[in-house]
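Each in structure tokens, the structures are laid out below.
Note that chain A is present in both complexes that follow, paired respectively with chain B and with chain C.
== the complex of A and B ==
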């Protein structure tokens, strides 16, 4: 509460602040530097944040020119400076608010002859200082295809997108979010393809955000989400360029935030989360096959251990006669009911994953081996779990790794537990009940106002070409209809199909 | 939020109502035998104890009671774990018991939701208990010995398809009678002897394993079974046998009622392979083949006739002829039909095609 009121007071003060007041305030900081010197009777003072600017730029583009070129001139005014200084972004202003934000963004303020009102703002920001120059997209790795990923610098990211989408219709709309971080956020879409209503929704939601610091794009993701109490991610967030470009071409909107290597694209459907760029780089039969395997993996991962619990607790009739022996034998020494046995192993695997993610890579590798082999084997030998369950849980964990989007694989990790509880309370009926609840929930979800379960609900037959399977490129000429794109055809399908024989 | 909390609370409260049947905390019985001795019913159950993976050790529990209803509850009084019949694969009836009627037991099985419809029922010559004890005693034997035996013979040999579901269909269906596999004790072994015929839930007669091939063919299309027939060479005056393997057989019925005597024509078409034959038979020769074929046709025709005579004599209809006739006639009446069942003139027409004789010159 006290922090909140502090900001409120500050805001009301800001309106009446004068330039000397601002300077006094900034001078409290030790990295706020001030250079003053005289050239031919002109008193020049330069203010800047030492930590934000590039000293090389200051020397080469400002100080050098001021000391060498100014002496040759008869008179010097503020408005002459943009011609003297070889800096791309330079402006003359007397607006205190602009001065403050620009100073905080790495501009230098130059005052001439103690003219206290007007000043020149020169861009000397060192954009890449401390940021990595490139990203090998290792979190969403694909063997085939480009391996360039987005980085923390939004300028670089926009550059990467513009380089691939060479069209004047690619629109970037910039805005600033965060009362303290003043993060630059860019909404990208292709004019003439993307539905304006979607763009409007996105822009409006972003504008409505009241927050102090935007650490990452995922914060925006949560704040603009249609249903914040759902475990399912409603927008794809990716660090791959091809994914974002494909989404834009389909008619989606992409949101970039400065300082985040992840880009949000939406509106998304459930199937976007099981799509990997590799599906499009492989022949369509292989791409479809691997996509189906992935979807099977998700179902297996969420249902395997609940079914184990339900069958062993309630439905022993269902066990095939040849499996009865191994299951009973491996369970005969386990002192727990199936539910505790399953929870024990599932939580062990979750612990392993968490530990693996928090530790340095080299240690994590060792941990994986120790956890996977030693703990698994030991827990079976200590009769804490059964052999059969160990295999089921390990396979389920493996299957959940196949989801290409990290957010979705987290959801799948989570969704298993309520189903396990349903299975232990009500057996098979419980599982069916849980699946029904899940389907109802999914059917009600929306992503930027468009349905999440499309093309299944509502049924869109034509959109099936790129959902469960990835049809060949001649089949995916038409953009999916749920996005309501302004033009449906990605390219002229007749031209593409034309046969060009040599002798005609 | 309040509602969700309430639902969660109810869910927790409901956990007390659950009926746990954890798979390793129940005694799963896999075969059950019913006998009657001096007016007392005896129930025998085989349950496995699992030792090393798939290896099982069969154990036997026996109890007696004056009714069939409380046999399973009485078994519980001898068992450390609750008895569960959900994995029951075979129910074996002693001959005496079967003669007294198996309706009560089958009704209770049919209503029991834990029991699958692929359960096998069977009749044992003598005591069911004795047979079950033999299967349990054998080294390395498993508790599913008898049910596997039945299934194997249905799949590959002369036994027609049967299980609880088909039994109930034949039992309740109008114009058909049920039948079950029939076991006999042969020394230290259990041997499948043929088919036991039932009338109104009572064991009334049996068909041997050779003729059960005919039952199988007459019931529906079938792709397996073995049939042996005698061949005699008039020159050599010596008798020998030929073993035929059925490759594909189908039967077709035709019902005619002109004049006094109704006529049922059964055309049977068997495509067979000659498996084994005596060395003096020159099989690839056309004449020999023809001879074997004609011999077989004649043989089967007489066998079918004899079989039908037996059915008529016992007044059973395992082939569902009544049901077939019902589908062909208006205002079919069960009682009326079976009154003149014995009068039906049955004319089998058998056609055999020998399509394989094995590799050789």
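== the complex of A and C ==
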């Protein structure tokens, strides 16, 4: 008990900090600046963090007006200052806590005539200093469609969303997370569409977060996820505006965090991770085709090398006569069992990927070519692996890159390895064991309380219009039912479905 | 399920289709031809239909039982209400032992098939261990996850295994089916008796009935599930009849698997390996469902937490499966389970229904 009382005392002490104490504390830092001058008998002192404010704003909006306008007035009090200074956010306060947080956010504190209790806080923060002005969404590229992505500044991001969703129902709910970073986090949703319970869950989980610094939105993603010990991402995180807007219109919730160019949207299903905005920009037949290709790619990527291991270790009877020749020819020199061969190549590919991601772009390109061609060819010639396997592993790697969401492609990279081991131990049966395990795991997952495998399990026939395939826009009038939206229709279904008769 | 009926744990009525179908089609479909054709020969398909009709009626009776006793959540409370605490619980325990046997039989038979067809040297314990670990993970997820597995256990094999069965039609002799009605009615009924065993598994409905969201609506789906099982069995028996000679089948232990050897595509041979592998998805939901039923029943009778009872049941399954080694023993286990199952569904369920309706009428007259 004594320990707790100690903490309590400490806390209450902090609360009763006075303004001089605060200033003394801040003065320890060399970038805490202080300007003092007199205009017409008024002693003015301004305190601010040199590193946080924009000096131009200070000169133009504060110093200039104080020196030019004040002499013309007969008397000057603190409450007059908001009228004199042309700054949008300005407030008079005597609350020490507010003063502390505002000073640390880039406000300047102005004191008049040594009035030690009250002061004026003026917003002079330089919002965009050191942040990039735009993002070409290179990590989630699409050939067709807008290429503007989110940036690190949350103000810009909210602006981008509001510009496309011109409705008073778009609600932003702000909160502050992180005891050190005091990061501004915004929950966005469309009132009247999004299920209230979902919004409540999101807000509740965000409020429950206890953490010091929010480096990126992905930290929040992990902390609010329903199951933190799953390799599968439970929420889509994207830097594309169209994706977020589409999610909001569907009835999902979006979470923005200051300092992060990625936005979390949820509740998500497994299929959200394999949809690309391009599916919607292309005609629906092409969009569906490429989506199917992508899903096939995922299956191929996870199962190709395990099947190779299973067949060559246990079920070589399955190889037809005509295919047996080439396989024997290419494997005859390889002294390893299939599992070692596969692990060697898979790990090589993972190394190449990892090195490519860590190196500067120009070096990475060269490395990719050197690694891909030279190591591959050389390892075949050195009889470390077979040609057939080289093709399979390369294709599997290629297929895993088709996943539009980076987090998911990481997961696919990962889950291949356990399946390879299952295949080594129990052959084909082992692979199906692993598939079972995956299906059970996916069946148990939830994203903000809604099932992850929808529309397959629980089966929702109507939600299939936009899952494996992307139906035409006359088919996608209904919002998906697993989100339990408050209104189901996205646009007038009758007009969208209207069909004219021949020659009419 | 508790009185408040927490809707989160309930399942949609149409999912009963998948549960019923999934729990009926198990290892039996690989080998049932021999037993049926021994009795009914090339008229076996009639036996399949007759047995199916009987099971349709039995499902109807199960639903009737629960409708006439609306207070009962599942078979355990039903027993307790109508037969008293001691006798009722005794019967419930016997039923649970039967479910346990069901899981054991399916597990051991499948492992035997793997040992014979794929891995002749591998120890049975490896497969039962990994099976039971997976079962543990599934059952911990609750009934919804088990039902999800049932769903996949129907959908995936349907797309992968069923098409392969049609390849042997290339060598079919359709005249094998003629003459129709070559066997006496008694033969056909004998075949139907052998066939009824293949429909076992639906009786687990007695345990999970309270987990259905709108039980009355689910009745239709349960019947459809059984009808779909019949369709699968009919397809298999039809293909076996036209492909095999009547005498030949008697010498093949797993005729369906032999059928799967026939298809040939340019890049894969020996399709039966794929069928056997995918068959994990057929077997696995049955084991999960049975283990779930046993643990659920144990919870209702002895109020043991399912988290505690599931590991006990699974380790028991593991240990017992270690001791059943010889082919004859596995055959004996199969015979025993199917005999018990046969009497459970054919005798016990109708008798229970009659008893309950009489008891109810009796109660009414007493009250009047």
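A few remarks follow.
By definition in this document, the second predicted complex is superposed on the first by the 482 of 504 C-alpha atoms of A that agree within 3 Å, B and C clash if a C-alpha of one lies under 4 Å from a C-alpha of the other, contacts with A are read in each partner's own complex, and residues count from 1 in each chain.
In this text, a contact is a pair of C-beta atoms (placed from the backbone, for glycine too) under 8 Å apart; a residue touches a chain by one contact, two chains touch by 3 or more.
A quick note: this is a predicted structure, and the numbers were derived from the prediction, not measured.
Using the contact criterion defined above for the overlaid structures, shared-chain residue A:180 touches neither chain B nor chain C, since it reaches no partner.
In the superposition on chain A, A:129 makes contact with neither chain B nor chain C. Shared-chain residue A:459: touches chain C; no touch with chain B.
Shared-chain residue A:331: touches chain B; no touch with chain C.
Applying the stated contact rule after C-alpha superposition, one finds that A:313 touches chain B and leaves chain C untouched. Contact comparison for chain A: of chain B and chain C, C touches the greater number of residues.
Of the two partner chains placed by the overlay, only chain C lies in contact with A:431; chain B stays clear of it. Legend: residue contacts after superposition of the two complexes on their common chain; A:322 is shown touching both chain B and chain C. In the superposition on chain A, A:439 contacts chain C only, with no contact to chain B. Residues 314, 317, 319, 321-322, 425-426 of chain A touch chain B in one complex and chain C in the other. By the touch criterion stated above, chain B contacts chain A in their complex at residues 11, 14-15, 18-24, 26, 28, 30, 48, 50-56, 84, 86-87, 89, 114-116, 144.
In the complex of the two chains, the chain A residues touching chain B come out as 311-314, 316-317, 319, 321-322, 324-329, 331-332, 334, 337-338, 425-426. The touching residues of chain C, counted against chain A in their complex, run 11-12, 14-15, 114, 118-119, 122, 126-127, 130, 134, 137-138, 141, 144-145, 148-149, 151-152, 264, 266-270, 273-274, 276-281, 284. If you check the complex, the residues on chain A that touch chain C are 314-315, 317-323, 425-429, 431-433, 435-437, 439-441, 443-444, 453, 456-459.
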